[in-house]
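The same chain A turns up in both complexes below, where it pairs with chain B and then with chain C.
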Partner chain A sequence: MMWKSIVYKEWLKIRWFLIGYTLLGILGIGYLFLTVKHGFAFSGGKNIWNSILFMGHQFFSPLKYVPLLGGLTIAIAQYFPETVNKRIKLTFHLPLRENKALLMMHAFGAVSLLLSFLVFFGMFTGFSLLYFPVQMVTDSIISIFPWFLAGFSAYFLVALIVLEPAWKFRLFYSLVGGFFLTIYLNSPVTGAYDPANSGLFVLTAFLSIALLFSAYRFRKGEM
Partner chain B sequence: MEKISRYLLVFIAILTLAIILPKLYWMAFEKPVRKPFILYSCINDDFMIHRISEKTWEDTQGKQYTREEYEQKLPMMFEKQLITSGSMPDSIKGIALDMRTISKAKSFFRLKASEIDAPVPGLYPLFESQSGRAKLDLPEDFFRITWRIDFIEAATNKVLEEKSQLFSAALFQNGFSFPAIKISGISTPRKSADEGYFIVDSKDQLFHLKMIKGNPYVKKIEVPEGLKFRHISCVDFKNKDFYAYLFSDKNVIYILTQDDYQLIKWPVEGFDASNCDLKIFGDLFNYTVVVEAEDHIKAIALNPDYQVVKTYTETWKLKEELTEGKIFALLFPAQVSMTSDNSKFIRFYFSLSEGFNWIFLNILLMAFHFLWLFRRKVKVKNHLTDLGIVAICGIFGFIAIHFFPNKFFD
Partner chain C sequence: MNNVIECNNLTHYYGKKRVYENLNFHVSEGSILGLLGKNGTGKTTTINILNGFLQPRNGECLIFGENTQHLSPRTKARIGFLIEGHIQYSFMNIRQIEKFYSGFYPNWKPAPFWELMSKLNVTPTQKISTMSCGQRSQVALGLILAQDPDLLILDDFSMGLDPGYRRLFIDYLREYAKAENKTVFTTSHIIQDMERLIDDLLIIDFDGVLAQTSVNEFMGSFKRFDFVLKNDKTDLKKALFVENLDKVKNKVELYTYSSESIVKKYLDDNNIIVSNFAQVKMGLEDAFIGLTGKY
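So, the complex of A and B:
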């Protein structure tokens, strides 16, 4: 019963941000493929394909910071209210193991973000397959995959930073987190992230429990 | 669980610092290597060296030349300048010179290691080789080779079944073993003529594929037993002597002659496709092959029969051997980079610092951390892992464990 209440509380916090972000993302991807359609109509399909295959044109590049923005938005919407008057303390007083309650909140946020990303990813893949063959779509997916991982990492890192009680350490985490995010966001040729994606996925998974560290420090009363 | 989360964060911090700090260090202290521009002179049968940053021109004996003298030694390279200044010879080595002959024999080729280790497009335009038009047109469809060859029309994103079957059958009948492992051609319509593609199949056999009046032209090329190609670069030189430079997995350079498909091995040694850049200047009298490695440059002059006539090597210190490199190896035990000069792929490029001088700083930082713990009167046995992290990861570990402190775990 308790977990349902936690999920409901988290939903109340993030719902408008999640819905707003997802709608904006859908509109963004719609616009992206409108430009592709326009390009096909005005420049011709062969020239669009040629510019993507041999001239380094990346039609998906406007998406680069969209997942990152989502991770930041959901994390701030979910965790910033918890720091006002240290409300997170209330969660720690629930008749649940502290980490379990926290991980439940975190998993809810991450799954919400995942659903939003899946919508984008599905739309992107579906529309791409209308205009491009599998090889080109696969290379595009290899290129955008780290951007989505960056979205999750940003979500996990902001949770870590926001829950940290001491300002000095917030700054330290921000420094490490900010530089860490850059490894997802290099601007190489299409498909270049292929050898790195599995490693980046593991690193992102590592970060998923990062907030336990700052929450622990919070509970222990670090100032 | 909290402890695990801390160690994971420390790991992420170490990785991040091992990427960022060395990058910042080299941005601040790295000095550029000014590689000389080397060409073989058909006038004095020696290499001419232009040191661009020093603005000097010399030969391999160190004899200095003025710019004008230097250009006169390289009439095949600076023919326009020599004609303008009226100092172009009428003939060299008994061969009468005219602009057309010079221009036709002239070729330039450049290959970087990062072009070899790079993602491939997977789809290629197959041009009509004998369209009868002065200019080539980009075709409406692109091909891929999987279990057969597919032609896909760009406008509709649909497979052209009839054309795909026609070309697949032609490849199959010539002994092609699907899929292709390498497809090389000149994919731009901005070339003098179309010569199609050179394709290595799954059995390392080499094929030439082009389209002539809508029909497939497939030629299986005889290559020595066991020869595997690492990279093929097609060329479009005016003399039409050869189709491509081919690079074997053992770093041997070959050329494939036009029309008669002779694979000729070039006697070039010292080229490693994984970390060298290659420049080849061809003219009426010689080919100058320049291999640029991280710590040396090697120039090899070949005669028109592709025999070595002279070589010249110049070395310099690696950045690791210079003062700034030694200080680097003192500060940082290793470095990680997501990019490499020798590849277009993003990877975790890990390189350990030269020598073990970084151990001193690691021990110093470990001792400092030990004293810091001692003064705080904490149980050192709860911090042994942290001390181990500093011992191995040095400055990266030290910063990481202080950014994510082990405060409440004792």
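So, the complex of A and C:
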């Protein structure tokens, strides 16, 4: 029953943000492929292929910051209300272990983000296969994968920052986190992240529990 | 009688600023205890330590025998906690918030919550963020009553409430606590409210505990004597029985636990000539200010 209540609360906080973000993302991806279709119709398939294969053009580059924006949006929608008037105290007072409560909240946010990303990913892959060969689609997926990881990392980092009780630590985390996120968004070369993706995945997985440190500091009364 | 709360040798500093050192107190089962103190004497610090949101530099607090730094979920379920300002999830409406909390407490009793809500002029779908401070206080109180805890910890429950809501809050809470044999630990800036609510008091100052006793005992033993000194240079502070002294020119307010005869004997023995000597009846607020001083 407790996990149902946690899910209920988190859903109330993020639902409109999640729905709004997902709808905007769907529209954005739809528009992206409308542009691709437009390019094929007016520039011709040969020219499009040429620009992608030999000139390094990434037709999917407008998607670069979409997952990042999602991670930021969901994290702020979920965690900001917890810090207004130190409302997180209410969560810590619930009759379950503090870390367990936080991880349940966190898991809900991450899964919501994942579902939204899966919709985008499915749309992207499906539409891409309509216009491009499998090899080119695979390379595109390798390229956008770290962008989605950046979305999750942004979500985890914002949770760490928002729950941190001391402003100077928040500032420090923000600066370090900002630089850290650029790791995911570096290379403009399609498929270049192939050797790095598994490492980035592990790094992102480690970041997922970073908020427990802020929660620990909050409970110790750090200011 | 069992102690529900027990704090031993509690010491805390914010940086180099001492809040208190070796503070000891306890709260017995079934009592309503008010923690009184001026600003900065550590009331909220104590509440935070009790709820596990602050680690004291030294000492410990136990609630139902468990260290408050590591309360088990089972013990937390027995504690109702009202955050200063009646903070709740303001993005929820009252139906949603009742549904949310009911999932955590096996003994959840929705009736007291809805009974209180029926007294408010709000709809079940009205968001808490759109309610007045008084209405929010009733939501927070209703949730605690529905939780049916054995111990209620209330941090400055009167904050932001108008006299009507304060009275409603106090009367409802006291009746509930007495009928159900609940233990209450509370702070408030408004001492008149405390007078109406509490059985026992704990007065802390920058030097530690000034008094821990029942309100009746405190009010029966702590006295104020007013008089006018013939010589306004007379220094009464060295008298051992003086707890506090407020002197403006030759008019004196003397606060003490000693009897009128002891005070008069001291004045006579020291040839201190006074006029208009009288014991002044005090309320709890007067006695609190008398003990702790105005500054």
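The rule is simple: the second predicted complex is superposed on the first by the 222 of 223 C-alpha atoms of A that agree within 3 Å, B and C clash if a C-alpha of one lies under 4 Å from a C-alpha of the other, contacts with A are read in each partner's own complex, and residues count from 1 in each chain.
As a working rule, a contact is a pair of C-beta atoms (placed from the backbone, for glycine too) under 8 Å apart; a residue touches a chain by one contact, two chains touch by 3 or more.
Keep in mind the model is a prediction, meaning the values are calculated, not measured.
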item	value
Joint occupancy of chain A by chain B and chain C, clash or fit	fit
Partner chain(s) touched by A:G191 [first = chain B, second = chain C, both, neither]	first
Touching partner for A:F17 - first (chain B), second (chain C), both, neither	neither
Partner chain in contact with A:P81 - chain B first, chain C second, else both or neither	second
Angular separation of chain B and chain C about chain A, which is computed from CA centres of the superposed model and rounded to the nearest 10 °	140
Touching partner for A:S5 - first (chain B), second (chain C), both, neither	second
Partner chain in contact with A:Y173 - chain B first, chain C second, else both or neither	first
First (chain B), second (chain C), both or neither touched by A:F121	neither
Chain B versus chain C as contact partner of A:F201, first or second or both or neither	neither
Which superposed partner A:K220 touches (first chain B, second chain C, both, neither)	both
CA minimum distance (chain B, chain C), superposed complexes, angstrom	9
Overlapping contact positions on chain A, where the chain C interface meets the chain B interface	220
Interface residues, chain A side, partner chain C - complex	1-2, 4-5, 8-9, 12-13, 81, 85-87, 89-90, 92-97, 218-221, 223
Complex contact set, residues of chain C against chain A	14, 48, 51-55, 73-74, 76-77, 79, 81, 83, 85, 87-92, 96, 99-105
Chain A contact footprint on chain B (complex, rising order)	1-2, 4-6, 8-9, 11-13, 15-17, 19-20, 118-119, 121-125, 138-142, 144, 152-157, 187-188, 338-339, 344-348, 400, 403-405, 407-408
Interface residues, chain A side, partner chain B - complex	40, 44-50, 53-54, 99, 129-133, 135-136, 139, 160, 169, 172-173, 175-176, 179-180, 183, 186, 188-196, 199, 203, 206-207, 209-213, 216-217, 220, 222
